[in-house]
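Structure first, commentary second.
Each chain carries a letter (A, B, C and D) given by its place in the written order, and its residues are counted from 1.
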């Protein structure tokens, strides 16, 4: 998806593609004083041995995710981004967590200074991690700092990235369901550093549609009796989720929405199946059994067929721009108005898509009104 | 559907059924000071020779629309309502429109007085009429009054019913896509009489889901390229809509929502097929073709399988209660906050379901706050 | 389902219902010399404490599985069948398997004699058992007979029923995926006793549609890349299958068809979810990803929404009649021509529905031609 | 589609693509002594001003119909075929039909001789024509020959093509629902010339699936109450079918199958909607309402999402090879064994896909057994 972000952004900046899918390019955000797409510079961390972006872009073009002409058309920008990718952090790496964090902080600061950037927003788009057990040292910053020095397994990589970002004064976004910034100790750090953050797990498929539809049942006093879903997906993310541990993280974040919107747990299972030949495509089929007047049972089914990266990539741009502007205007802590983008929004319980959008627009208006 | 309304309301009042599907029975309306379900008394007009409610209720029970035990359990209430049904007005009836209206007015006034009712709300749930051509005398009340005296074909029956209701001081609701109250002359009458009205065409299926889903595409800057729909339905309404003229009325009111929400006309046809053996059930299949980041085409499909009367009946109760309370608090003219209930709301252009619901709730709060 | 069988058969015999769903009532079987529906007498085994048929029929009527009027209309026949139900055999019952089998044999013989029946066909429609591990004593009849005397756990109940049926000279049908007659030792017994048998696991939903559709891909040289399925079901069978062990039996029998028809294992998972509020209804959604000319990927999806008992019950009648006639004409061992009815047919590898039907019709013609 | 045929065949011949979708490349046809794919030489007629194949292949590659690398890889073969395209015949062309036919005959003979071909098979893959009214001169060959000389409007272009093909001794295939060879006079001509023919209207989508599924209902004695279908398609064919006259031809040929398989007309409409942005893709949604045991109503829905040309192109190759071999072995008149390929097979009433396939295979075996 990272490659899709860079390729698409470059093509839009060059006027080769319209900004379809970019929420922040619509009229509702015209007055929010966001940084222009032109103003963005891309860099990142990836694990050692990852293929260069130019190669990945070719693969995406063959799979129909980015236009066939685009890898060549934006080759310069891909090379430029590639040059800013540093070796990332993986679970079980030697050294203390502090040493690991320091390395990441140095990368972030160096990127900001070398490229003369006003600020850097860190977006976690790495592979989903399994759920990470809560520990006492997650509860407050002091305890966490001690743990960083002493031991190598107090945090999963996603949280070390989050720690490093906040310490470096960079807004941090959890695009995945990994633990990341979602720890009391890191919230404390964010507030202390005056840095905003948001997450987690971008909603781009089944949950997006669910949070558009579920409020309809609630508003119409129709009683949802069971909501069942099956997700078929290929691609790198699909392969990761074929591991039941990783897919457990995903299911937990997917299920929360329905419970919040309908006010009670609803029967029904959610399956996530890795179907390798689907490549970058994902299909979700949902079956909703509901009861109406007189106890009559009725159903709604939907099938969503989407291209994973095409759905997610523009949101990375949106989130980076919105977080940058929030930082600029002095916000810190969880950006609850970004709940619109996430399956499992941090710091807010509103899951109804339309109302999340209203909150986002109102906040964007306030962002624009500030100095 | 009228029979389902009476049967269901009676069963709920007796505690035999929970009020599933009744919007006004949810917590959001607890403070609106609406008349209780107990306070409602049913009557109406039907065309000569219509079967008695008890017989229709039996048919509905056999079709699984109302519970098998319910016709017997509420036999008294069905008889009571039946006794209040008067011969209705059909197109091409002899006599001037004034004479026809006067007959209807007399029925309404007599019902109100005999039953000692605070007010009567008229809800048009008759068969859908074909579109009726606009005429000069529809434009203002004076011209309309003259036309009533002189001619028999200036108004379709639905509008004579609306005229009669308003003249009799009764709030009027267009549950169907027929012309009804949707004429400038009748708006003038409503305001002059201090009577509120609302319409038109209750949204209970494809359009309900459409107006829940379409805002998702808009908010996410996804470009809807085509929205195609097929509606299969049996029942009395299906038979009426098998007539292409009547179904034209329905399609017009169904299409408006999408254009309003997405801001432009969208390609794609809407079919309404009468499938006799489906009985009271209707199925809508919609196919949405949309474009995302990088021009990638994706699709969403849904299948809605609902029982027509079970979906519509509770809304008749909701609308009657809300209109009654609006009348009580002195509102007149179009009740735009009721847009939530209609495919083609009068006097308001908001079609996004979630925002319609917010408007409705805010209005309900204001209703409750009044004397 | 047993109650649906008896209720439906009685209603058809009385001319109250047409024989829809009964394969053997179609023209293709007119010459097969099958016993008439009138000639059937119902009896069975159920576990202690099971509700009487009249009560179950009432429940089925409320759930819309049998017509509302039918329980009263066929009350006599239900009572009659109920009077012929004996206490069945459950896992872990005390005593040797021989003692258990003898009890069942006595019941069968007594039923045949008391009711003066030409023959009794035993159809296993009990709850699905978990897979039962294969053992050495299943391999031949001598070893099995010794094991019956010595130990209590060499066979699951379904196989004791099968043993008893065959020993009593009764054709035996495995309507479920339980082990039942599917053991070499029991095949030996069937041949020795001159008794035919068939199984297993009636195909009435997803697999039925699969075996109608999969041959299309094969015949058109379209390469199926993945076939994924989700089954939602309530009811007694759904509750049983909520146990992963039992559902494993079902999945194994469901998957075999596809492999046989396409000639290779196909990617894709099959989920079976118990969704309690679905009651007697089941829904299967299947997603087929296939490749055509030039490597283009395409998809077929289907949603099957059926009433479990209504789909299965007439097949019980069909199988009983066909097995009875086969017995009458002297067939013994597996009735491979009955593969049409089963997810996992015994003794035959043809899974293509249309060809199974041809085989069935040819065999029916032969049945009719015999003395 | 013609461009897809040539591109795909060339890629398969060069070993660049596997022959997925080619029925005659499967094991069942290994012994039929068909001409090899290598042996085929492509030519044709197109209307004046049609784009060159190389340009069309580029468009198809951009649309994902043929692989991105294929237009370049087979450029030579595309040029070669292009050089053999002659100006076709359109409705209302000046001159007598005889003159028109003679021009086409000359083209065919010249192609056969210049390229030193054993035989030429003509496959009509031109745009679908509206239904053409039957006339007396269609009834026998003598009358038709007179009409050709005298008048310009006795036949639609498709039938002039068919006449020319047969007169030139070329087998003729109606891949479209146009009138083509489907006239008694042309059947007479074919028999007289010793030339085989087949048609009409290749089945590649909704009807293909219908004829795989409908026999399931028939075999299971399930009563189909209504079968409704909506077809969405873009592309050239979609644009043609946006004309209600042309789409009428298509609907007639689509509907016949169901009636034949189920033995009676079934309720339900079939819609064909032109949805321009779908490009080469087509989607069919079908809803089947059926009744089972006890009168319970159930449903099956399917959604077929296919690439039109990718589905159809390999069948053109199959039909050409099979018709060539039939001609070689001396068959003339309608090739009823080719019914498997057509929505509305000429000369045969079997529409059940699986049985059509059996007939095809048996015939292929006979073809192979001949000298």
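Keep in mind that, in the parts below, a residue touches a chain if its C-beta (ideal position, glycine included) is under 8 Å from a C-beta of that chain, and two chains touch if they have at least 3 such contacts.
A quick map from chain label to UniProt name: A, B, C, D = Myo-inositol-1-phosphate synthase.
This structure is a prediction, so every number in the text was calculated from the model and none was measured.
A.B. asks: Going by more than half of the contact pairs matching by residue number, which of A-D, A-C or A-B reproduces the interface of C-D?
C.D. replies: Repeat interface, by the over-half criterion: A-B.
A.B. asks: Pick the pair with more C-beta contacts: B-C or A-B?
C.D. replies: A-B
A.B. asks: In angstrom, rounded to a whole number, how far apart do the mean CA points of chain B and chain D lie?
C.D. replies: The separation of the two C-alpha centroids amounts to 49 Å.
A.B. asks: Express in whole angstrom the distance between the two chain centres, defined as the mean CA positions of chain A and chain B.
C.D. replies: Centre-to-centre distance between chain A and chain B: 43 Å.
A.B. asks: Do you know which chain C residues sit against two or more other chains?
C.D. replies: 64, 299, 301, 303, 305
A.B. asks: Going by the contact rule at the top, pick out the chain C residues touching chain B in the complex.
C.D. replies: 61-62, 64, 68, 303
A.B. asks: Where on chain D is chain C touching in the complex?
C.D. replies: 4, 7-8, 11, 17, 19-23, 25-26, 64-67, 70, 208-209, 212-213, 215-216, 219-223, 291-296, 298-307, 310-311, 313-314, 340, 352-355, 357-358
A.B. asks: Sort out for me which residues of chain A touch chain C in the complex.
C.D. replies: 225-226, 228, 230, 232, 267-269, 271, 273, 275-278, 283, 285, 287, 289, 291, 297, 299, 301, 303, 305
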